[in-house]
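The structure under discussion is supplied below as structure tokens; questions concerning it will follow.
We just call them A, B, C and D in the order they show up, numbering each chain from 1.
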Amino acid sequence: MKPPRLLDAWSAVVRRDLLSALRHRADLLTTLIFFVIVASLFPLGVGSDAALLRSIGPGVIWVAALLASILALARLFSGDYADGTLEQLALAPYSLTFLALGKIVAHWLATGLPLVIVAPLLGVQFDLNADALLVLMASLLLGTPTLSLIGAVGAALTLGVRGGGALLSLLILPLYVPVLIFGAGAVEASAAGLGAGAHLSLLGAFLLSALVFAPWATAVSLRIAVE
Amino acid sequence: MLVISQLGCVRGERRLFSEISFEIGPHTLLEVRGPNGSGKTSLLRILCGLLHPAAGRVSWNGRDIHELGEEYRAHMAYLGHASAVKDELTAHENLRYSAATAGLAASTTDISTALDTIGLSGFQGIPCKTLSQGQRRRVAFARLYLCSARPLWILDEPFTALDAAALALTRNLLESHLRSGGMLVLTTHQEVEITSPHTQRIDLGI
Amino acid sequence: MNWGSVSEFLAMGGYAGYVWGSFGITAACLVLEILLLKARRREAVRRVG
Amino acid sequence: MTSRINWFKYSSPASFYPLAGKLIPAFFAVASLLAVCGLYIGFFVAPTDAQQGEAYRIIFIHVPAAWMSMFLYVVMAFWAGMGLAFNTRLSSMMASAIAPTGALMTFIALWTGALWGKPMWGAWWVWDARLTSELILLFLYLGFMSLQAAIDDPRRADKAGAVIALVGAVNVPIIYFSVQWWNTLHQGASVSLTRNPSMAATMLAGMLIMALAIWIYSIAVVLMRVRSVILERERNSDWVQELTEQQS
């Protein structure tokens, strides 16, 4: 039995996190329910006029997705940090960047993907038509992984630090602005008939650059936190 | 061969220790003694590369451990205060995943025998949150059975929360590791007699 | 010279509130920053002793 | 005989502290001189603007502050990066010392932007691309400062701050262009604050001199703050003990 290669270790990290997440199904649901509640509050605040809801719908759903992913980020590393698993990851004979990417992928699968699946339901609440819902899902599918990647840096930096949740939002929300602009913008552009091609390709560009930089920055932050 | 030269450590604004130098070769046990807060844990975390020293160098076979990076970590195993056991997973799952992520070759039989020898045979399938602190500590120790290929073991107060039976088991494990040429760096407050071909001591208290 | 008299200068073409508001706030911020820094220095020196 | 100044000597806090002390008064003097000169040009030499009347004179403080807020963020990220890469404590202290002044400049830019927007467009807050980016820049500064405040161990605070400063610095241009695109998408090309057609030479000169004045002022203030940070961080070291004995 030869020692596991990088890919085996990587998939072990992903599978362990998914298994842990499944054992805590309640936590996953809370993020999802939070997303639905936040989005559903707006019509109560703004009024139920369909045209108005249609125009603010994409923005509201995207902001709700942003807040839900920030909420879920707190649990990304904190469990492993508390029980010492994170230390062992930092001491594994593999590059921490890759293992951190594994944790982020598992986190996205557990919390980001469900947002994409539930979004059309909320879209209907905001009276979005069929192809607007499709573009909404596409933009979220491209956007939520970027949110998890950028957010992971903040989650690693605020490990074991006072005021974690609020501090994490203050650190990360400004960095979410481009994703929010082009995410919500994609749906609006398609509704206005301009086509969402440009926005979606930019979201793809953000995702790729986040994939390159964020795991490395997360690994550096984790090494600082574990010191 | 682990060589430490003029090691110094500062925590916050307090200087914990400085000018620490020693060498550890095969078959050697290094005991690190000192009162609470004297920097024992910090010293061990510097040795395993988690913490950067304020001064001095740690080198493994002649090369700085931070330069070696992954290569050094492939020869070393660390057990800290935290047992690195996920509460929601069973003992078996914990070992399977921690072995895979730590780059240890371990088949399911290896894992079950490790858990049996440490005295957890009846508890392999239940989530660790239902285990006692001592049992969880045994799960952490079971991982060391899988680290036989790793020459350098760094253990930070490994015997806490272990009962007499577990103490005997762990002592045998550590002694066999030393006999087979391994190196062991250990901090403990309990008086546990570990016979070892060469024993060195460092006292950080003075 | 743009201004006939001091009062004309102060009136700033009807935008006195906005112009002097901006410059006033800026001056206040800068002076406040320096005062806070002096206080911080005194505190730092006191805590060294 | 060219006496080669060993710049490296000044990289240690102990030798940097007195040097900074000597430079601060000089910087303040130069800054106030430039400020007086800039204000004179701004108020007495620059002509009244055709469209905006006298209100446009706010650009003599708004634009320099905006430039300085972005410039200071880049400088802060630079020092933070140096501190992270070379583990030099002084560079990290410099980054922490820059942040409050950068945040103050952003606040001034926002405040003067609002005071200028009111007479120009009748609204205190205008979702203009630059003002919106300034607002986000303020959040980045506040994020950096609160992260450093929340971590007790100075060494970890420096490193964590450095990471968020560098990540922020990489994102500032992306945020700016995203907001730019977003702004033109929604509002169409609104009259921008500075690009009025005939930027008279004197106006530009006034603005540049004021920018220089604020820049040198920032250097002086940052040096003052870094000296306090050095005193706070090194209060147990012997050179600080001697220093305070000499003074008292």
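Going forward, contacts are C-beta pairs under 8 Å (C-beta built on N, C-alpha and C of every residue); 3 or more make two chains touch, one makes a residue touch a chain.
Keep in mind that what you see is a predicted model, and the values were worked out from it rather than measured.
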Original post:
Tell me, which chains sit next to both subunit A and subunit C?
Top reply: D
Subject >> Per-chain Cα centre nearest the global Cα centre, belonging to chain >> reply: A
**OP:** State, to the nearest whole Å, the distance from the C-alpha centre of subunit C to the C-alpha centre of subunit D.
**Re:** 17
Subject >> Whole-Å gap between the CA centroids of subunit A and subunit B >> reply: 36
**OP:** Return the distance between the CA-based centres of subunit B and subunit D, expressed in whole Å.
**Re:** 48
**OP:** Can you check how far apart subunit B and subunit C are, centre to centre, with Cα atoms defining each centre and the answer in Å?
**Re:** 60
**OP:** At least two other chains touched by the same residue of subunit B: list those residues.
**Re:** 52
Original post:
What parts of subunit C, by residue number, touch at least two of the other chains?
Top reply: none
Original post:
Which parts of subunit D, given as residue numbers and ranges, touch two or more other chains?
Top reply: 235
Subject >> Chains grouped in pairs wherever the two touch, ordered by label >> reply: A-B, A-D, B-D, C-D
Original post:
Residues of subunit C touching subunit D in their complex?
Top reply: 1-3, 9, 12-15, 18-19, 21-23, 25-26, 29-30, 33-34, 37, 40-41, 44-45, 47-49
**OP:** Please name which positions on subunit A make contact with subunit B in the complex.
**Re:** 1-4, 8-9, 12-13, 15-16, 19-20, 23-24, 79, 82-85, 87-95, 99, 223, 226-227
Original post:
How about subunit D: which of its residues touch subunit A in the complex?
Top reply: 84, 136, 139-140, 142-143, 146-147, 150-151, 156, 159-160, 163-164, 166-168, 170-171, 174-175, 178-179, 181-182, 185
Original post:
Which bits of subunit D are touching subunit C when the two form their complex?
Top reply: 43-44, 47-48, 53-55, 57-58, 61-62, 65, 100-101, 104, 107-108, 111-112, 115-116, 118-119, 217, 221, 224-225, 227-228, 231-232, 235, 240-241, 243-244, 247-248
Original post:
Across the complex, what residues on subunit A touch subunit D?
Top reply: 150, 153-154, 157-158, 161-163, 167, 170-171, 173-175, 177-178, 181-182, 185, 206, 213, 217, 220-221, 224-225, 227
